[in-house]
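First up is the structure itself, then whatever we jot down about it.
Note that the chains take the letters A, B, C, D, E, F, G and H in the order they are written out, and that residue 1 is the start of every chain.
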Amino acid sequence: MAEGALVGILVGSESDRERIQPAVDELAGRGIGCELEVRSAHRTPDAVAEYGRTARERGLRVLIAGAGLAAALPGVLAAHTDLPVIGVPLRSSLSVLDGLDALLSIVQMPPGVPVACVGVDNARNAAVLAARILAA
Amino acid sequence: MAEGALVGILVGSESDRERIQPAVDELAGRGIGCELEVRSAHRTPDAVAEYGRTARERGLRVLIAGAGLAAALPGVLAAHTDLPVIGVPLRSSLSVLDGLDALLSIVQMPPGVPVACVGVDNARNAAVLAARILAA
Amino acid sequence: MAEGALVGILVGSESDRERIQPAVDELAGRGIGCELEVRSAHRTPDAVAEYGRTARERGLRVLIAGAGLAAALPGVLAAHTDLPVIGVPLRSSLSVLDGLDALLSIVQMPPGVPVACVGVDNARNAAVLAARILAA
Amino acid sequence: MAEGALVGILVGSESDRERIQPAVDELAGRGIGCELEVRSAHRTPDAVAEYGRTARERGLRVLIAGAGLAAALPGVLAAHTDLPVIGVPLRSSLSVLDGLDALLSIVQMPPGVPVACVGVDNARNAAVLAARILAA
Amino acid sequence: MAEGALVGILVGSESDRERIQPAVDELAGRGIGCELEVRSAHRTPDAVAEYGRTARERGLRVLIAGAGLAAALPGVLAAHTDLPVIGVPLRSSLSVLDGLDALLSIVQMPPGVPVACVGVDNARNAAVLAARILAA
Amino acid sequence: MAEGALVGILVGSESDRERIQPAVDELAGRGIGCELEVRSAHRTPDAVAEYGRTARERGLRVLIAGAGLAAALPGVLAAHTDLPVIGVPLRSSLSVLDGLDALLSIVQMPPGVPVACVGVDNARNAAVLAARILAA
Amino acid sequence: MAEGALVGILVGSESDRERIQPAVDELAGRGIGCELEVRSAHRTPDAVAEYGRTARERGLRVLIAGAGLAAALPGVLAAHTDLPVIGVPLRSSLSVLDGLDALLSIVQMPPGVPVACVGVDNARNAAVLAARILAA
Amino acid sequence: MAEGALVGILVGSESDRERIQPAVDELAGRGIGCELEVRSAHRTPDAVAEYGRTARERGLRVLIAGAGLAAALPGVLAAHTDLPVIGVPLRSSLSVLDGLDALLSIVQMPPGVPVACVGVDNARNAAVLAARILAA
């Protein structure tokens, strides 16, 4: 884990790294430490659970999760932590409705377990929102 | 767990019991043993993981998961088992697009971890599909 | 303004009060002070701007804005403050696509000015998210 | 401000200039004076408010506002003036549903504050509509 | 035709009268004369054409057309006049997507022949827009 | 008019010629005479009306109309003739939802004035359908 | 089979009879003989195939097929006959998007095998279209 | 037929071969025998029926059907066999909503005749699901 990181960023696959990069850049530009890891709610669910459970004790204050398609990652992460989780719907070649599938999979959480959803492929806004939360 | 159950059915909340009941009835009418439990990918994720991990050894052969909204349950269940998982998109008062949110959250799984999706609120078809799988 | 309120809640019209009430109840149940006001981005835009500009100095730490249709309220509020703004898409009798119009109007913010969107009519989740942010 | 302009055109960002250009060309071809400025409901909301408040006294008779995503600009402009406001939904790389997000954000205004919406990326039609209004 | 009417309102069928009534009421409340007739682009197309061709000479300054489903009325009316035409998408029992079919049929006009579209079932906004146009 | 044409084909603009060409080719391949003209429900409505009114007496037996966006052409043509009218939704650069706007504008006709709609950009199927009608 | 029937109507289930009844009434009012049967592309596919294969020799000239959900009936019927087939998308309690699922399942036929689609639940228009075809 | 094939794969047209290939590859990689044929529910319906009727006796245990547009193939195949049928929605140049037309045509089956639907263009997941079923 990155020393002094306040924001933890997860994406579901290696191919999502590029799409989430604007969040990393935005946080770096604001001098906010962050870390980025690839963990999948569907392929490595235990790694996601463990990340969520230990996030607070490792000093993280806000989590960002980017995912596409049936984008379960942000919601599952939110199930394993009480930190605020920001979800970024990401497009892929298999998306329908320009990524609306991922958007709905992220934002329509059941009562009691919220995810803070930002716009499709709008990784930068996830970072700005994280900065607002840290400054609140 | 139900003695001799071949089909395990999960729903995410108590309010989903009624919507999934046609699956239970259909299986009963075919003399196929099943069990029904309430476990949520967002509220009790460890219980879902444990259910998936132990399903095969407990004698289950097919799993059915009904969920609404950001319906992560079928996919998360499929992440913890190698049994076939059938997903039933369920409507709720918070659904948009008549439950298309749940449908997309269930069917648009990433390559490698499939869910067998049936129609919205079509619990009966999940049971018929389970019966076809058992008879295959 | 409510003494000691940490969460400020705005809705665009009197008819939205009922739909946002679960947020008020959830915060009250957690012992988090909040205030609720009716200000419209389209009918009383200056009142919204003034609310956003003074929110931090009045002690607020998180803002929630519920709105329907062309739901500009959360985004306009976010334009006038640097506090985190949570948007709740609300249905009305004039909504299309079950409130997806409001959802898209809230979540698809331009880069640089984020809104943290929760599910349609899911006021309770806005409150839980606010609580997570305050505890971060 | 352009001397003798009857039509005031706003877009939310520099990148929208190209998409709105057909409106400028159409008005020029009809000999109708217009001005084009970049002001954002989310990034420079006070500039939008000021533009709306002073539009009539500066001789403008019709306003056109082009915006994408959560396209609040036309509606917010309409909140600050009683001139007719024509909204043009513009696509961007972050749009979903081919710009339907912007279309719904513009057209679904609450009762009392209308925006005259034209088709997605159809800047020319905004200009023709403005000409019809001026000739009414 | 109503003496002194400045705003002409058409709907496609008798069953649409009720849905457009808020426009009539709003105009009456502002002291703006209007007339309301039932003419259909599909059942009485010549009557629509004749209405459009003679509208200006009869003293009308703005036209409002409400229609549902494949809502051709506003666009066809705009084809027969150079007055500004405001379109109101109306729901009916046969609508899909909550009236989005009518909305798209009205707003997506080809370049050169615009319709000023307001929100679904939002007849009142058509009247307020007409008043803004008349006051421009 | 083409000597001996049984099928009359209209498109709304020159740019639609290419998209409707497969219908012409299919009819030619079947030895069925057809004619193709450009007439617009919005730009040359009287020419459309005249075409519909005289179609039967000129020997035409089936009409095909291709149009995009707010695709009023097939419906308006059907209003001026009692011949069967086949509508082909055509995509353009301004379409939303991959041409679903045109599809809904064509298929959702009011009771009493039907259009026989085929798939988006599926001009060939319009010709095959015309051939089936002629052979009925 | 009804003596002298020119129009054959199929629906996929008993529960669809009521929704297709306006087609029967419209044809009766025009003095056009028709027959109505229940045959399902999914439950009794051979009966559908046999109906299509024998339709022409039994004197039928136009076929109407009403179906909901994954509405395969019109297309499968068209696969077994060269008579024109009119498809009516029907809503049911399991429909999504107000029956748009059925509409797309009917209208989006592959090149070579067309179905003439009318509006959702618009059985009357299927009959009027059939009458137009018979009179062509 | 392929000797020892357990999985039978159908696609509706030659152009779909490429899109379904990942299923063939996945099964081959797992050492599961399969066969791939082109049969269309709309162009060669009897061949589809015959394939379904004889599938079990020929040793097949799971069927996969890929189809686009009004994707009737999986459902019609399921009507002719009691083996489990997996449906893969495939995009084509005529698709709308990124292949959502095919997805809805496959998944929204009537009660009693299920299809196991996977994500759009996600042929690989169909194969993984087939493997899970065979291992159940």
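Convention: a contact is a pair of C-beta atoms (placed from the backbone, for glycine too) under 8 Å apart; a residue touches a chain by one contact, two chains touch by 3 or more.
Bear in mind the structure is a predicted one, so any value in this text is a computation, not a measurement.
Asker: Look at interface A-C and say which pair in A-B, B-H or G-H is its repeat, using the rule that over half of the contact pairs are identical by residue number.
Answerer: When the residue numbers line up for over half the pairs, the pair is B-H.
Asker: For subunit A and subunit H, let me know how many angstrom lie between their CA-based centres, rounded off.
Answerer: 35
Asker: Could you please state the distance in Å, as a whole number, between where the Cα atoms of subunit A are centred and where those of subunit F are centred?
Answerer: The mean C-alpha positions of subunit A and subunit F differ by 49 Å.
Asker: Using the touch definition from the top, which residues of subunit H touch two or more other chains?
Answerer: Touching at least two other chains: 69-70, 94-98, 100, 103, 107-109, 111-113, 115, 119-120, 122.
Asker: Taking the top-of-page definition of touch, could you list the pairs of chains it picks out?
Answerer: A-B, A-C, A-D, A-H, B-C, B-G, B-H, C-D, C-E, D-E, D-F, E-F, E-G, F-G, F-H, G-H
Asker: Would you mind writing out the residues of subunit E in touch with subunit G in their complex?
Answerer: Contacts found on subunit E: 69-70, 93-98.
Asker: Quick one: in the complex, what on subunit G touches subunit H?
Answerer: Those in contact with subunit H are residues 12-13, 40-43, 45-46, 49, 68-72, 75-76, 78-80, 94-97, 100-102, 104-113, 115.
Asker: Applying the document's contact rule, which stretches of subunit F touch subunit H when the two form their complex?
Answerer: For this pair, the touching residues of subunit F are 97-100, 103, 119-122.
Asker: Would you tell me which residues of subunit F are touching subunit G in their complex?
Answerer: Residues in contact with subunit G: 22, 61-62, 82-86, 103, 107-109, 111-120, 122, 124-126, 128-129, 132-136.
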